[in-house]
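Scrolling down, you'll hit the structures one after another.
Heads up, the next two complexes both have subunit A, just with different partners, subunit B and then subunit C.
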Partner chain A sequence: MTLEIVKPGLATSVQDLGRPGYFHLGIPEGGAMDRYALRAANLLVGNPEDAACLEAVFMGPEIRIGADCILAVTGGEMPIKLDGEPQATWESFAAKAGQVLSFGFLTGGARIYIAVSGGVATEPDLGSRSTYPIGALGGVEGRPVQPGDVLPIGAPNGAKPGWSVPEELRRGPGSPAELRVLPGLYWDRLTEASQAAFFDDTWTVASEADRMGYRFKGGRAMEFVDREQPFGAGSDPSNIVDGCYSYGSIQVPGGTEPIVLHRDAVSGGGYFTLGAVISADMDLIGQLQPNMPVRFVKVDMSEALLARTERRQMLAQLRQSLAA
Partner chain B sequence: MKAPILRPVAEHGLLVDYGDRFDRAIWARLIDLDARLSSETVPGFVEAVPAATSLLVRFDPMTTDHAKVGAALLVLLAVPPGEEQRHTRAHVVDVCYDGTLAPDLVEVATRCGMSTEDVVSAHLNSECHVQMYGFAPGYAYLAGLPAPLHLPRKTAAKRDVPKGSVLIAGQQCLVSTLTMPTGWWIIGRSPTAILTGDETRPFLFDVGDRVTFRRISRDDYDRCLT
Partner chain C sequence: MKTRYTYGGDEHVYVEMDEEMSLDAFFKSLSMSEAVKAANIPGVREICPANASFQVRFDPDVTAPDDMMEQIKQLESQAEKAEKRLTTRIIEVPVYYQDPWTHETLMRFRERHQDPSGSDLDYAARINGYDNAEAFIEAHHSQPWFVSMVGFVSGLPFLYQLVERDKQLQVPKYLRPRTDTPKQTVGYGGCFSCIYSVRGAGGYQMFGITPMTIYDPRQETSYLKDFMVFFRPGDIVKWKPIDRAEYDRILKEVEAGTWAPRIAEVEFDLDAFNADMDGTNAKLMEALNDA
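This part shows the complex of A and B:
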């Protein structure tokens, strides 16, 4: 069984849940930008939750199906067509050998996850099939898919059409999307006025929004508390002596446009970070499009942990609802 | 040595922060701590990422919290370092300092008030150690450049700097593994393979390893690549 890429879309790539454990060597965990949507897509087609899917952003691919199989598409809202026939999102459906899967225009969110029963079975690198183009790891030769690529698919697993994720277990960003933030690390380098402005202003997603990070614009520029730059750090007040960046960290080069570091972000560098988006909200970022309005909402540690617990419960409900 | 500040990073990390002045003893302390971290010494431990003056410790917030991890780290930090030496290796990296492979060598010499040959000698005499990984996969920051070569970074980055470039800035040096932009000074090119292709050890260097440089001619460089 194979999937043949007829048209690749914008930047469609093979993703699973990533390759943890190499961050100290500068290799990010990577994996699906919206992990929840990837897990749901896999569960719908009877795969293990961490199987590899295709992640498409803004524009769907066109794919020729190599053999009869079960498919499901989750994440953003993009009309699905199988030989032109509409199919429902967040629901499994059957496809026959030779049929072509294609997509209409994106109507909500930013990324879709295309799962196939058996899972995409390209060669893993460092324990994962996730595509990481900068390091040429995973996917097809370490890059997004191209026309003519033929993706191997694992053995079918008894999945059935018509499995569906209940409405209340589908998650998309509100508008304005709210991203909850734990201030931290170099928060005290900002003046009090700048600290307040960061949360008061409405930001919009900039065009530089990809797997490495999402940049936001439109808020007020930040002011820094005066200090003398240490030797070894860059000359701008937003520079620090090189340190590690945690996933979700918000760095602000030049103090103007915050960047939330996402799955493929580098492990370290010389910019200060003012805090981090809580892990419960990282999936939401993967569903943001350029020009969408976004607010950053200040939370404390107990709220962050509660949000994480709620996400866990939602995942448990998802598993339960799709248990065979 | 001053005690570090333990700073929370999101709900899943603590930064062991020794401030922003690089110091060999502090770094040795961090590397020693890094080597001692495990799920036994710090329950809920996920991974650690060492940097020049800090160590990021990530943990599972569903099984532990900042206070418990912080307390476990303080216990580890109370044990004096050096009792069990971290196992480190020594590597020799070949560098060609000739012409087009070293586009910034002349400007570095001018800024340091030295001849280009003196810059090369100073670089060859430096004994570096792998301080941290950062910026991009395989970018090992090598610390230990001699003081006469310490320059601030360029004010603007140069694009498409070829992989294998030998870069310096501040007291650090690195051999790039990807063709990327950089604001560091390019003083040579190395044919030494940093990517090993080995899953358990994807890059030549481990944090803590010692690195020295060996000069090769342009002919040797070209031969290494064929």
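This part shows the complex of A and C:
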């Protein structure tokens, strides 16, 4: 069984749940930007939750199906067509050998996850099939898919068409999207007025928004607490001695446009970070499009942990509803 | 030095040894991150040491954030008492300074530089009080360097020179980052040198290029069969200036699988170094003679 890429879309890549363990060497965890959507897509086609899928951003690919199989598409809202026939999102459906899967224009979210029963079975690197182009790891020769690529697919597993994720267990970003942030790291570099402004202002997603990080614009420029810059930090008040970056951490080079680091994060650098988006909201960022309005909402650790528990409960419900 | 503990979201504890860079801060960060690794605290997922700080990624469902931070804090006094001694390796890294490829690149991005009239090396020499690029290059390679952090992307080493603070070379980063840097460029920003492991964006000044592959995801390079990333925090590097002919020769040998860097095992003792920097460095570099 194979999938043949006829048209690749914009930047369609093989992703699973990533390769943790190498961030100390500058190799990020990577994996699906919207992990919940990837897990759901896999469960719909009877795969283990961490199987590899195709992640497509803004524009869907065109794919020729090599053998009869079960497919499911989750995440953003994009019309699905199988030989031109519409199919439902967040629901499994059967495809026959030779049929062509294609997509209409994106109507909501930013990324879709295409799962196939058996899972994409390209060669893993460092324990994961996730594509990390900077380090040439995973995917097809370490890059996003191209026309003519033939992706191997694992053995079929008895999945059935018509399985569906209930409406209340599908998650999108809302508008304006709200991203909860735990202040920390170098938060104290900002003046009180700038600390307040960060949460008061409405930001919009800038065009530089990819798997490494999302940039935001439109809020007030930030001011820093006066200090003599420490030795080795660099002269700009937003500079620090190069340190590690947390996943989800928010850096603001020059104090102007915040950047939230995501799955393919650089592991360190010389810009101050004001805190991090909480783990429960990382998936939502993967569904943000440029120009969408976004508010950052201040939370404390107990709220962050509560949100994390809620995400875990939602995942448990998803598993239960698809276990039948 | 004043240690600062903070959270990076709900999954990271971030520990800053000091705001400013120093070998003391680096040693403490390395020794504390080793202590955290050895402590096997449940829920610890990754430990990333950096120049003067380190970060622990953990699963807060296994160990609650407050507990995690407390357990890490308790390791601090142990790390302070640890001997500031390291068994490590010194590696001779060939560098072709003022090479044509970084020169072509720096000319292409000249409008993003502080001083568009000269090269990155001319600028670095001038602001550090050297008469010319050659004298600056001499200062860059005559004394060894510590790999104080590996990261940013794909096995990129940050290096800090083993000299007194007043002899540290310092240069700012580009005004705006470049969108291109040749693979294996030897760069400089703040008080750190680096080697760009892969081609890509970058903001450090560009001084030269090494023919030595330091990241190989296919692991075809003779000395990267065990792991795709060459450098580790704590490695010591001695730059060796080479000319075009030697660059071409080494590059060909790396590709043929017949070249390997000169490496020697060495002991580094921070107190001994602070007491006699020139003597300690001379001994480190001598070890390479037998390699």
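Brief remarks follow.
Quick note on the criterion: the second predicted complex is superposed on the first by the 323 of 324 C-alpha atoms of A that agree within 3 Å, B and C clash if a C-alpha of one lies under 4 Å from a C-alpha of the other, contacts with A are read in each partner's own complex, and residues count from 1 in each chain.
One rule holds for everything that comes next: a residue touches a chain if its C-beta (ideal position, glycine included) is under 8 Å from a C-beta of that chain, and two chains touch if they have at least 3 such contacts.
If you're wondering where the values come from, they're calculated on a predicted model, not measured in any experiment.
On the shared subunit subunit A, the superposed partners subunit B and subunit C overlap sterically. Residue contacts after overlaying the shared chain place A:Ala88 against neither subunit B nor subunit C. In the superposition on chain A, A:Leu10 makes contact with neither subunit B nor subunit C.
Once the two complexes are overlaid on the shared chain, A:Ala316 sits clear of subunit B and of subunit C alike.
In the superposition on chain A, contact of A:Gly142 is made with subunit C only, not with subunit B. Of the two partner chains placed by superposition, subunit B and subunit C are both touched by A:Ile27. In the superposed model, A:Val266 makes contact with both subunit B and subunit C. Within the superposed three-chain model, A:Val225 lies out of touch with both subunit B and subunit C [touch as defined at top]. Taken together, the two complexes place residues 20-21, 23-27, 134-135, 137, 182, 184-185, 230-235, 240-244, 246, 248-249, 266-269, 275-279, 301, 304-305, 308, 312 of subunit A in contact with subunit B and also with subunit C.
Those residues of subunit C whose C-beta lies close enough to touch subunit A in the complex are 6-12, 14, 16, 18-22, 45-55, 57, 60-61, 64-66, 149-156, 158, 165, 168, 170, 172-173, 189-192, 197-198, 200, 215, 217-218, 229, 233. Residue ranges on subunit A touching subunit C, taken from their complex, read 20-21, 23-27, 125, 134-137, 142, 182, 184-185, 187, 230-235, 239-249, 266-270, 273, 275-279, 301, 304-305, 308, 312. Residue ranges of subunit A in contact with subunit B, taken from their complex: 20-27, 126-127, 132, 134-135, 137, 182, 184-185, 230-235, 240-244, 246, 248-249, 266-269, 275-279, 301, 304-305, 308-309, 312. Against subunit A, the residues of subunit B that register as touching in their complex are 7-13, 15, 20-22, 46-56, 58, 61-62, 65-66, 132-139, 141, 150, 152-153, 155, 170-172, 178, 183, 199, 202-203, 207.
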